[in-house]
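Structure first, commentary second.
Every chain is named by a letter (A, B, C and D) in the order it is written, and numbering of its residues begins at 1.
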Amino acid sequence: MSELKTLILGRKNVDDPDDTGGMPNDLMTVNMGPSHPAMHGTIRIELTIDGERVVEADINPGYLHRGFEKESEAATYTQVFPYTDRLNYVSPMINNVGWAMAVEKLMGIDELPPRLQYIRVMVSEISRITDHLTCVGASAMELGAFAPFLFLVKVREWLYELLEELSGARLTHSYVRVGGVAKDLSPKFCAKITDILDRMEPVLDEAKGLLNSNKIFYDRMAGVGSFTEDDAIAYGLSGPCLRACGVDYDVRKDFPYLNYGDLEFDVPVGTSGDCLDRYLVRLEEMRQSSLILRQCIAQIPEGPVMVDDPRCVMPEKGETYNTIEGMIRHFKHIVDGIRVEPGEAYTFVEGGNGELGFFIVADGTGRPWKAYCRAPSFSNLQTVTKTISGRLISDIVPIFGMINMIGGECDK
Amino acid sequence: MGLEITTTKLEDLANWGRKFSFFTYPFITACCGMEFMSVAAPKYDIARFGAEFPRFSPRQSDLMMVVGTITEKQAPALKRVYDQLAEPKYVIAFGVCASTGGFYQNYSVVPGIDQIIPVDVYIPGCPPRPEQVLDGIILLQKKVGEGRTVNQMRARREAMKDKQRQSEGV
Amino acid sequence: MTTTDWIFWVLDSAAVKWVALIMIFVMPVSSLLTWAERRQSAMMQDRLGPNRANIGSIKLWGILHFIADAIKMIFKEDFIPEKAHKGLFILAPILSLAPVFIAFAVIPFGPTIYPHELGSVIPLSNPIEAEHAINLQVFNVEWGLLFYFAILTLANYGSVLAGWASYNKWALLGGLRASSQMMSYEVAMGLSLMGCFLVMGTLEPDAMVQWQTSNPAHWGIVVQPLAFVLFFTSAIAETKRAPFDLPEGEPEIIGYFVEYSGMRWGMFFLAEFIEIVFIAAVIATVFLGGYQVPFLEADGFHFAGTSLAISHGFVVLMQVGALATKILFLCFAQLAIRWTLPRFRPDQLMDLGWKRLLPLALFNLMLTALVMAVL
Amino acid sequence: MSKAVLDALKSKFGDAILETSSKNTDESVTVAVDKLIEVCTFLRDDEKMAFDSPVFLTCIDRLGLPVMEHRFELAVQLRSFTKRHRIRVKVPMEEGKLKVPTLSGLWAGFNWLERETYDMYGVEFEGHPDLRRIYLYDEFKGHPLRKDFPKDLRFPLARREWADE
């Protein structure tokens, strides 16, 4: 009998340093990530668990640190646009707009043509919709509801195709330029976006019906990861997560940029700051974005889509080929980049996840001396350490899903 | 002679099964993950190729899709997951970052995952279009069907060496 | 004994019937279910699903994909972790697969066949004293459903041991979740069947089918509607599929079979699908009249005074077909549930099991007992 | 609006405020290292200031610029939800003495941002509860965003052991 016991219970045949011989009664440390299905992008958590309950969580980001700042310092101001695309790769247009606005602020370009402003608002809002669609869909998928995810991704596909038509790329658009956008809207853009919005709203309703009225989904989200208003402010939370806590703060309303001041929309605000509120805020924001888009389509004026400023506008093709000044200007523009006066500036826009800011230090050449990105995901992610502790392992999934941590942005 | 024919046929049968049953391990790190979602989504539907089961345990998956940039910090994890995959295993470098490091040439980014693990199919693009990904999967199916993936070739080489050693020994 | 007698004698033996059942019905259906699941989920999600596997130009709507899966798994590297307990690691998948196969023995998958009377109509009034009768139930005992519970509990050990023997913390968590889940739901499951037991007065599946008769108004689902809902819910929990797939819990813990590869994992995978078929069979037997076709008696249809005589062979065919249809429908329902609902959290799962299903099952039991006492 | 903040700071701290500027609609104030905590506590707690939320914290390396009074400069952006104003507090630092008192005690949100700045520039935050690398790994030598760090200097952790024959 003793032999049998040794064989089956004791693991004595294995050279095992962890073997203490008895029943373990202490905490267990497990490693989650960096390649784990629930870790959006890539992140690692060292969990100390007591059964299913998380006692302590040590979150390690940085698995997608791609050196945005180092790369930007080596690139001209225009060449940074592709890098900004890959910061928050779910809503690249907003990053584009943010970077362009930061450079424009340094250059002292205050007046943008109205059509340009409308275009920038429209592409930002489309990007915001794709961001929230992905966030809500992916969280639903991780909770086991696969169908809503696919419905939402289907809608995202329509928007990608539209943006592809506009910019030439499905995901990484690099559409915005300093002082304007790469090209005017494609023909029938407004008609197409109206059509997509008309088709999108029923799908949103469908997904809402599948999720909101689902008791399991509701219970998994409600009360999980809640955050108080004061904590949220002290942690520098922003975006939908902050608004879910009950703080009425949206850069588009409080510090209006572009022509957001002229557009009518509401800022949804939650009460308890739990995952359910974050989810509902995101759902409502998609509706508001759709409203903004409809207003833009109705109001968009004709006109130029670049500022008339030789510092940042490339010469016409004919001028480049036929005049020596034009050619030199083109050459300097491409090789040296846009010359920006020395100084520093911080600009922020309302990104998909919150206040997305760019802090640029310019040294007077065509390349930024320092390009710092204030990544909302990074500040938001920081709160997870606090919200996970004391919850179950399963709660990590909705918490992470609703923080919507985007690796590219968080790790830069 | 007869035995050899049988083993070849058996190998063909196995390869036929393998090529229509890719259980993927999505090693998703970055932007390409968004396009990976699109590939799995209704319009492109990777499931048509029998590759829809994402298995998050490396033991049960055959195809590792390295989707996105691999940084130096991530590299040990990638290598470890690759070592944990059960044979036969195939690797797709999804996107230009996984293939070469892309336009990130700096202190933190690995210049291509083939510095760390062998790769069967490279899919270019930043990120690649879903059509390109489907093309890559068809290419891999062809490779697997013909037994020309890195690991299959290596296994064959080793078998040949064994045989040689045996015949020399005799 | 003549040769035909020998054949019938052999056919009537339990082993032959069991093997035939497994080979002709269970294995094909559960294998096809893997394909059906993929196609059905694709249909529900606006997709196409697997359709590319081909031999030459034969594609068969993607059915070949599951054959490809099976072939691949057979040729896949069979991996055992270094620190795993080898014996138990190997035993675990067998332990989770075998009990389900065994439990199928109690399911009556058709009426008694009288081989000599296949062409004739059997009179209802005086049952024939046939020399040979093949009972289409492998294992006919009075405690049939108890046997089913006893055997199926063994499947618990499969998942728990898999989790423990893998020497992996995530697997261990999965194993623990599996055990706690199956323990909790078996209670509600058993109690919900007790109501049926009270009404029908037997635990023998064939007798239960006989009791339900061919009148749908007399079937278990009408007599014990609450028990049906409770049993269905806890049965899905037993199969460890969504929304109760916590032991697998893909995005959280990969599950108790995280270290299994190749065919060993395939066995867990297959066990899951066989369990679906099995649960469907039990529900069909206890609540949906088993092999009973509405208004079909042994001698033909009887409906509102009119009757239509049908020969014994056809009756058997129709009744076996009816059971198969019911099982397939219930499998379909389970797949649809799996692709519709999100996953529970462990504490919610326990809440549902102990605080909702169990009291309801007890209530059902008492109500049934009360009604029985009054009547 | 934020000009009032600058004036208040100047009148309260006097010499400790080395410089103020409000260019490009950004108000910034340069503070000596030893007065940083004092100034920040005032900024947070005073009713008229009420800077309740951190925005970002980073460091500027001016090595190689024509005008370089101090090589490093810490930049801390703060925001007030109630007063709707913002300010950037800057702290000059010398090479070799990259030590700043931590702000994570005043605003919890600076915890990770300080770790990031430590990782990228090697600024040591005294009193930080958990000062270790956040983006990079322990085997990494040096601080990559300093201007004297080569862009493509790698410290690989894993490389394949065998090559294709």
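Going forward, a residue touches a chain if its C-beta (ideal position, glycine included) is under 8 Å from a C-beta of that chain, and two chains touch if they have at least 3 such contacts.
Just so we're clear, the structure is a prediction, and the values are computed from it rather than from any experiment.
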Subject >> Chain whose averaged C-alpha position falls nearest the assembly-wide average >> reply: A
**OP:** Please indicate which chain is farthest from chain B, where distance is taken between mean Cα coordinates of the chains.
**Re:** D
**OP:** Quick one: report the Å distance separating chain A from chain B, using the average Cα coordinate of each chain.
**Re:** 30
**OP:** Calculate how many whole Å lie between the centre of chain B and the centre of chain C, each centre taken as the average of the chain's C-alpha atoms.
**Re:** 37
Subject >> Centroid distance [mean C-alpha coordinates] between chain D and chain C, Å >> reply: 64
**OP:** Calculate how many whole Å lie between the centre of chain A and the centre of chain D, each centre taken as the average of the chain's C-alpha atoms.
**Re:** 24
**OP:** List, in ascending order, every residue of chain D touching at least 2 other chains.
**Re:** 135-137, 144, 151
**OP:** Pull out every residue in chain C that's touching 2 or more other chains.
**Re:** 45-47, 250-251, 254
Subject >> Sites on chain B at which at least two other chains make contact >> reply: 42, 56, 73, 78, 106-108
**OP:** Select the category (line, ring, star, complete, other) that matches the graph of chains linked by touching.
**Re:** other
Subject >> Contacting residues of chain D [partner chain B, same complex] >> reply: 135-137, 140, 144, 149-160, 164-165
Original post:
For the complex, which residues does chain C have touching chain A?
Top reply: 41, 44-47, 83, 85, 88, 169-170, 173, 177, 242-243, 245-246, 249-254, 339-348
Subject >> Touching residues on chain B, where the partner in the complex is chain A >> reply: 27-31, 33-35, 37-38, 40-43, 54, 56, 68-69, 71, 73-74, 77-78, 81, 103-104, 106-109, 126-127, 129
Subject >> Touch list for chain D against partner chain A, complex >> reply: 23-26, 28, 52-56, 58, 60-62, 65, 75, 77, 81, 84, 88, 107-113, 116, 120, 133-137, 144-145, 151
Subject >> Parts of chain A lying in touch with chain D, wherever the complex brings them together >> reply: 60-62, 65, 67, 69-71, 74, 105-106, 231, 233-237, 247, 249, 254, 343-346, 348, 355, 357, 359, 361, 363, 369-370, 372, 374, 378-379, 381-382, 411-412
